[in-house]
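Listed next: structures, encoded as C-alpha cells.
Shared chain: chain A. Partners: chain B in the first complex, chain C in the second.
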Partner chain A sequence: MRVENNQRRQMAMMSLPALVFTVSMIAFPFIYTIWMSFQTYSSTGQITGWGGGNYRRMIDDAQFWNGIWITFYLYALSLVMQLVLGTGLALLLFRAKRLPGILRSLFISPFLMPPVVAGMMWLVILDPSLGAANWILTSLGLPPSDWLASPMMVVPTLAIIDTWQWTPYVALIVLGGLQSLPPSVYEAAEIDGASRRAVFFRITLPLLLPTLVTAMVLRSVDLLRFFDLIYITTQGGPSNHSMTLNIYGFRQGFEFFQLGYASALMVTLSVMVLGAVIALNRLRAGVEW
Partner chain B sequence: MHITFRSAAYLSTALAVCWPAVSVAQEFDWRAHEGETITFLANSNPLGQLIVANADEFRELTGINLVVDSYQEQQMRQRLMTVMNARSNEVDIFMTLPSREGMQFASAGWYADISDFIENNVSPDYDAQGFGPALMEAATFDGALTGVPLNIEGPLLYYRTDVFEECGLEAPATLDALVDAAASLSDCTDLTPFASRGLAPAVPYTFAGFLRNMGGEYMHDGQSALCAPEAQQALTLYSDLLRDYGPPGVVNYSFQQLTALYRAGRSAMSFQSSNEFGPIMEGGVRLEDTAIIPLPEGPGGSHPTVIGWSLAISSHSSNPDAAWYFLQWATGPEMQARLALEGIAPPREAIAESEDYRAWLSESEVRQQWHDALTVLANTGSSEIGYPIVANPESREYIGQAVADLLLGNGTVEEACARADTALNALIARD
Partner chain C sequence: MSRKPSDAPWLDWVNVALLVLAGIIVMTPTAWMILSSFKPSHEVTAYPPTLVFSPTGENYATLTRQTPFLSYAVNSLIVTAGSTILGLLFGAPAAFVASWTRITWPAVVALMARMAPGTLFLLPWYVMFRQVDMIGSYWALILTHAVITLPIVIWVLLPYFDAIPRSIFEAAQVDGCSPFRIFRRIGLPLVSSGLAVSSILAFVFSWNFFLFALVLSNAQTKTLIAASFNFIGEGSTNWGGLMAAATIIALPPLILAIVVQRWLISGLTLGAVKG
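Moving on, here comes the complex of A and B:
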C-alpha cells in the first residue's frame, strides 16, 4: 500500500512540470483572453466597461461576417488544392523511387521557407507593374492580372501561394501513408486484372483516407488561423477583400487599441478552430481501417 | 495634434520668450552612464536606418550598451503597444510620429516627460533652442514635453523632366494642370503618368493635401465632413487620377512600391514622401532627370502636408537617464547635420543654413528643389493627416477605405463618403 502511494506521489511529482507548463502557457493566456473579451477599452487602451458588449458588437459588425466568409473561402480553396496536389506529388515521389535526392529536396523546399520570406518573394513576383508573373503572361500573349490588388483574384492568389508552400508538406504525410499500405492488396488486385484507375480509386484512395484526414486536420488548424502571408502581402486589402477574422482581430487589437473587441474575435475564431478539429477527428475515427 | 506650420512660425517668436531657458550643465559627462544598457525601438525607414547605421559612434562616445530593436513602421508600433500595455521596461526609447499618435500615446501615458532633462541635463553643444519653440510646443501635451524632433517631411511631387520635355509639358502649377499633365502623358509615353499611395491606411498621408487644396476639411462642427462638396471633389480627383493614370494594382501601393516604380524609371510623376529622396536617388540615375515641387495649389489654395518623426523616452523605462543621452546624441546638431547630407530634412534651422548642407544642395539642382519644396511645406503646411482625435490612427483607415472603394469601383463617391462619415462619426463619438 505504502509502495503504491509512493509511486503515485512520484508520478505526480514527475508530471508536475508538464502540468505547470500547460497551465501557464496554454490555459492562462486563453482564460485571460476570454476575460479581456468581456472588457471594453478606450482608444488609449484604458478599460471603460465590462459585459457582453463586444459580442453584441460582433453580431452587428459587417466586417466580422465578411471576415468569417473570407476565412472559410480561403480555407476551403487552399485545403482542396493542397490535398489534391499533395496526393499527386506523393504518388509521383512514391513511383519515382530513383528520383535524385536533390530533386526530392527541391520538391519539399517551399515549406521549409519562412512564410515572411515566401510572402516577400511572391509580393515581388506578383507586382502588377514590375513583377515577373505579368511579364510571363504578357510574353505569352495573355492579359496581365492585378493579382493581390484585385478584389476577385486576391483570395485565389493567396490560396495559390499557400498551396505552393504547403503542398510538399501534405505530400510528405501522404507519402508516409502510401509507404505503409499493405502490398498484398495490390498483388491481389493485379491477379484480378484491375486497371490502374480502379486500383487508385478502389484501393489506394480508400486506404489513404485516414492519412488524408490527418493531413486535413493539420492543415485546417493552420489555414483557419491564416495570418503571416496575408499580413505580409495585403494586410487584408484591397478594400477588406482578404480580411480574414485573424487579420481583422489583430488590426483591431494592435492598431486601434480595441483589445476587448479583438479578444472577442479571437475567442470566436478559437471556438471555430476547435470545432473544426473535433469534427475532423470524428471523421478520422470513422475512416480508420 | 494639429499644427499649422505657418502658425507655428508665428508661435515660435511668441514662445521664444516663454520657453524655459535651457541651462547647460557645466559638468556634463558623456561617459556618466558607461556600462549601462538601453533598448532603442526603431522604425526601419530611411531615417531610422541612418540613425542605427551611426549607432556605434554613440556606443564609443558614451560606453552605453545600445540594443537596437528595428521593425517596419506598423510592426514597430505593435511591438511598442505590447511592451507598453505590459508596463514593461523592455523599450527605453522609441521613434514616434506625434501627428499620428501623439495625442493617443500621451493620453495613454506612454511618453516620459523629458522637460526636466532638457532644462537641466544637456551637453554644452546640444542647442535645445535650435529647434524653435513651436516644434517643441507641438511635442508638448498637458505641459509635458514628450519628444524631440528628428526631421521634417511631407509628400512632394517628383516628376521626370526629360519626359515632360519630350511631351512638351510644363510643371503643373494647379491641380487642374496636374490632371491635364497626367492625361497628356498617358497619350505621349508608355510610363505610368501619375503614382501615389492607394493602400487604405497609407492613403491619408498623400490624400490630406488634395483635400485641403480643394478647400475641404476632415471635421466641421465636431462632425465628419467627407461628404461636403469640396471633400467629395477631392475624393473624386484623387481616385480618378490613380484609377485613370496610376499603375496597375495601385490600391496596394505604399511608399515602397512608389519608390521602386519611380526609381526604375516606370512612372513620370510620383507623389511621394520627401524622406524617400535618398532611396529614389540611389544609383544617381534619377538625379539627372527629376524635378521636385510641392503639391500644386487647388481652389482652396496651397496647404501641403508636413510632419516629423520624434524620439521619445518610454514612461516605463528603467533607465531614462541613459536613454536621454541617446536622445541627445540622435537629435544633436552634429548628427542632424550628418542626416541632412543623406536626404533627411533637418528640423534645426541652423543646419539648413550650414555651409556643408548648402554645398551638398548645390551639387545637384534636384537637391536644391527638394530643399525648396520642403521649405514651402514648413512655412505653409499642416500636419493634419488623419482626424484630430485620439483615435487618429483608426480614422485614417476609414479615409483610406473611401479612396479604395472608389479605386475599385465600389459605388459612387456619395456612397463611399457616406460610409466613411458614418464610421468616422461613430469613432468621433467613441473618442
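Moving on, here comes the complex of A and C:
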C-alpha cells in the first residue's frame, strides 16, 4: 500500500511541471481574458466599469460585423479550395503509388515554411506594377490584377496564398484516408462492373468522408484564426477589406490599447472556433463507418 | 485501389503529368524567392522579370551589414531552442503519465491551446509580463513559445506511449521499478523516434511563430520572424534584401522538410494519418 502511494506521488510529480505551466500560462490567462472582457478601461489603463459594456459595444460596431463577414468569407473560400484541390492531389498521389522522397519534400515544404515568409514572397510576386504574376497574366493576354491592393481581390488573394501553402497538407491527410480504405470493397465493385465514376462517387467519397471532416477540423481551427499572413501583407487593408476578427481584435488591443474590448472580441472568436469544432465533430459522428 | 485490368496505360501518363504540374505550382513561388535573393539589385525589380542573370551574394552581404540580422538569428535560436527544450522537459513526462493513468487533461489542454486565437493569450500575458517587468526578456518569449511546443510534444508523444505494451511497464513495476525509472529507462528509449519527431515539429512551429514575438520582444531580443516586419518596410525599395531575408528565415524549416520528410508526415497531421 505504501509502495502504491509512493508511486502515485511520483506520477503526480512527473506531471506537475506541465500542470503548473498549463495553469499559469494557459488556463489562468484564458480566465483572465474572459474577466477583462467584462471590464471597461480608460485610455490610461484604469478600470472604469464592470459589466457587459464591451459586448454591447460590439453589437453596435459595424467594424465587428465586417470582421465576422471577412472571417467567414476568407474561411469558406479557403476551405473549399483546399478540400477540392487537396482531394484531387491525394488521388493523384495515391494512383502514383510510389512517391519519390524528393517529391514528398517538395509537397511538405510550403506548409513547413513560416506563413510570414509566404507573405513576404507573395508580396513581391503579386506586386501590382512589377510583380511576376501580372507579367504572366499580361503575357497570356489576360488583364492584370491589383491583388492584395485591391478591395475586391484582397480576400480571394489571401485565400489563394493560403491554399498554395496548405493544399498539400490536406492532400497528405486525404492520402492517409485513401490508403486505409478496405480493398475488398473495390474488388466487389469491380466484379459488379461498376464504372469509374460510380466507384468514386458511390464508394470512395462516402468512405472518405470521415477523413475529409478531420481535414476540415484541422483547417477550420487555423483558418478562423488567420493572422500572420494578413498582418504581414495588408494588416487588414485596403480600407478594412481584409480586417478579420482576429486582426481587428489584435489592433484594438495592441494599437489602441482597448484591452477590455479586444478581450471581448477574442472571447467571441474563441467561441466561434469552438462552435465550428463541435459542429464538425457532430458531423463526423454522423459519417463515421 | 488495385489497378483494374481495364486501365489504359495513357491514364498513368496523365496522372504523372498532372503530378508534375502540381509540383511545379508548389515549387515555383519558393524558387522565385530564392532566385530573386541572388539577383543584382537593379535586376530584382526589372520588368519584365528576368530569368537569366549573373548570381550575386550582394543582397545577403547588405542584409548583414545594414541590419542586426545575425543577432536576430541568435535571438530566434535562443527562443526556439529554449521553448523546444522546455516543451520536451514538461511534455514528455506528462505524456507518459497521461498514457499510463489514462488521465485526459493534458490532451484537452493541448487541444485548447491549439484552438484559441493567440491574441486571446497575448492580452493577459501582456498585462502579466508588464507587471513583473518581463516584456522584452528572453524568458517571456521562451515561456510563451512553450505554449506552442508543449501541446505539440504531448500530442505527438501520446500515441507513441500508448503503443508500448502495458505488460512491459507492469513487469518492471513488479520488479520494484519506480515510475520515474520506468519512464527514464524503458519509456523514453522506446519512444525515441517520437521524441525526434516531436522536437523537430516543436522547433519548426516555434521558429515560425510570429504573433508573440511581435508584441513581447524588444530591440535587443527581436527574433528573425518578428523583424521580418521591418524588412518589408525597407523592402518596398529593396526586394533583393527582402527575398534574402525571407530565404534565410525559411531555411531551417525547408532543410528539415528535405532531410526528415518521411518522419514528419504522421506527426504533422496530428494523428489523422498513421505514419
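In the analysis below, the second predicted complex is superposed on the first by the 264 of 289 C-alpha atoms of A that agree within 3 Å, B and C clash if a C-alpha of one lies under 4 Å from a C-alpha of the other, contacts with A are read in each partner's own complex, and residues count from 1 in each chain.
As a convention for this text, a contact is a pair of C-beta atoms (placed from the backbone, for glycine too) under 8 Å apart; a residue touches a chain by one contact, two chains touch by 3 or more.
Being a predicted model, the structure only gives us computed values, none of them experimental.
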Exercise for the section: Answer with clash or fit: chain B and chain C placed together on chain A by superposition. Expected result: clash
Practice task
Please indicate which partner A:255 is in contact with in the superposed arrangement: first for chain B, second for chain C, both, or neither.
Solution key: first
Completion exercise
Counting residues of chain A touched by each of chain B and chain C, the higher count belongs to C
Problem - chain B versus chain C as contact partner of A:169, first or second or both or neither - result: second
Exercise for the section: Look at A:237 in the shared chain and tell me whether it touches chain B only, chain C only, both, or neither; answer first, second, both or neither. Expected result: first
Practice task
Please indicate which partner A:55 is in contact with in the superposed arrangement: first for chain B, second for chain C, both, or neither.
Solution key: neither
Problem - Partner chain(s) touched by A:132 [first = chain B, second = chain C, both, neither] - result: second
Practice task
Considering only touches as defined above, state whether A:215 meets chain B (first), chain C (second), both or neither.
Solution key: second
Exercise for the section: Return first, second, both or neither, reflecting whether A:93 touches chain B, chain C, both chains, or no partner chain. Expected result: second
Exercise for the section: Once the two structures are superposed, pull the chain A residues common to the chain B and chain C interfaces. Expected result: 129-130, 254, 259
Handout entry: List of chain B residues in touch with chain A within their complex
Key = 74, 77-78, 81-82, 84-85, 104, 107-108, 192, 199-201, 247-252, 257, 260-261, 264, 266, 389-391, 393-394, 397, 401, 404-405, 407-408, 410, 430-431
Handout entry: chain A-facing residues of chain C, complex
Key = 1-2, 4, 12, 15-16, 18-19, 22-23, 25-27, 29-30, 32-33, 36, 45, 47-49, 89-91, 93-94, 96-98, 100-101, 103, 105-106, 109, 112-128, 143-144, 146-147, 150, 154, 173, 178-180, 183, 204, 207-208, 210-211, 214-215, 225, 228-229, 231-232, 235, 239, 242-243, 245-246, 249-250, 253-254, 256-258, 261-262, 264-265, 268-270, 272-274
Practice task
Please give the residue numbers of chain A that touch chain C in the complex, ascending.
Solution key: 6-7, 10-11, 13-15, 17-19, 21-22, 25-30, 32-33, 36, 89, 92-96, 101, 103-118, 120-125, 129-130, 132, 135, 139, 164, 168-169, 172-173, 175-178, 180-181, 183, 186-187, 190, 204, 211, 214-215, 218, 221, 225, 227-228, 231-232, 246, 249-250, 253-254, 259, 262-263, 266-267, 269-270, 273-274, 277
Exercise for the section: Show which residues of chain A lie in contact with chain B when the two form their complex. Expected result: 42-46, 127-130, 134, 144, 146-151, 234-235, 237-240, 254-257, 259
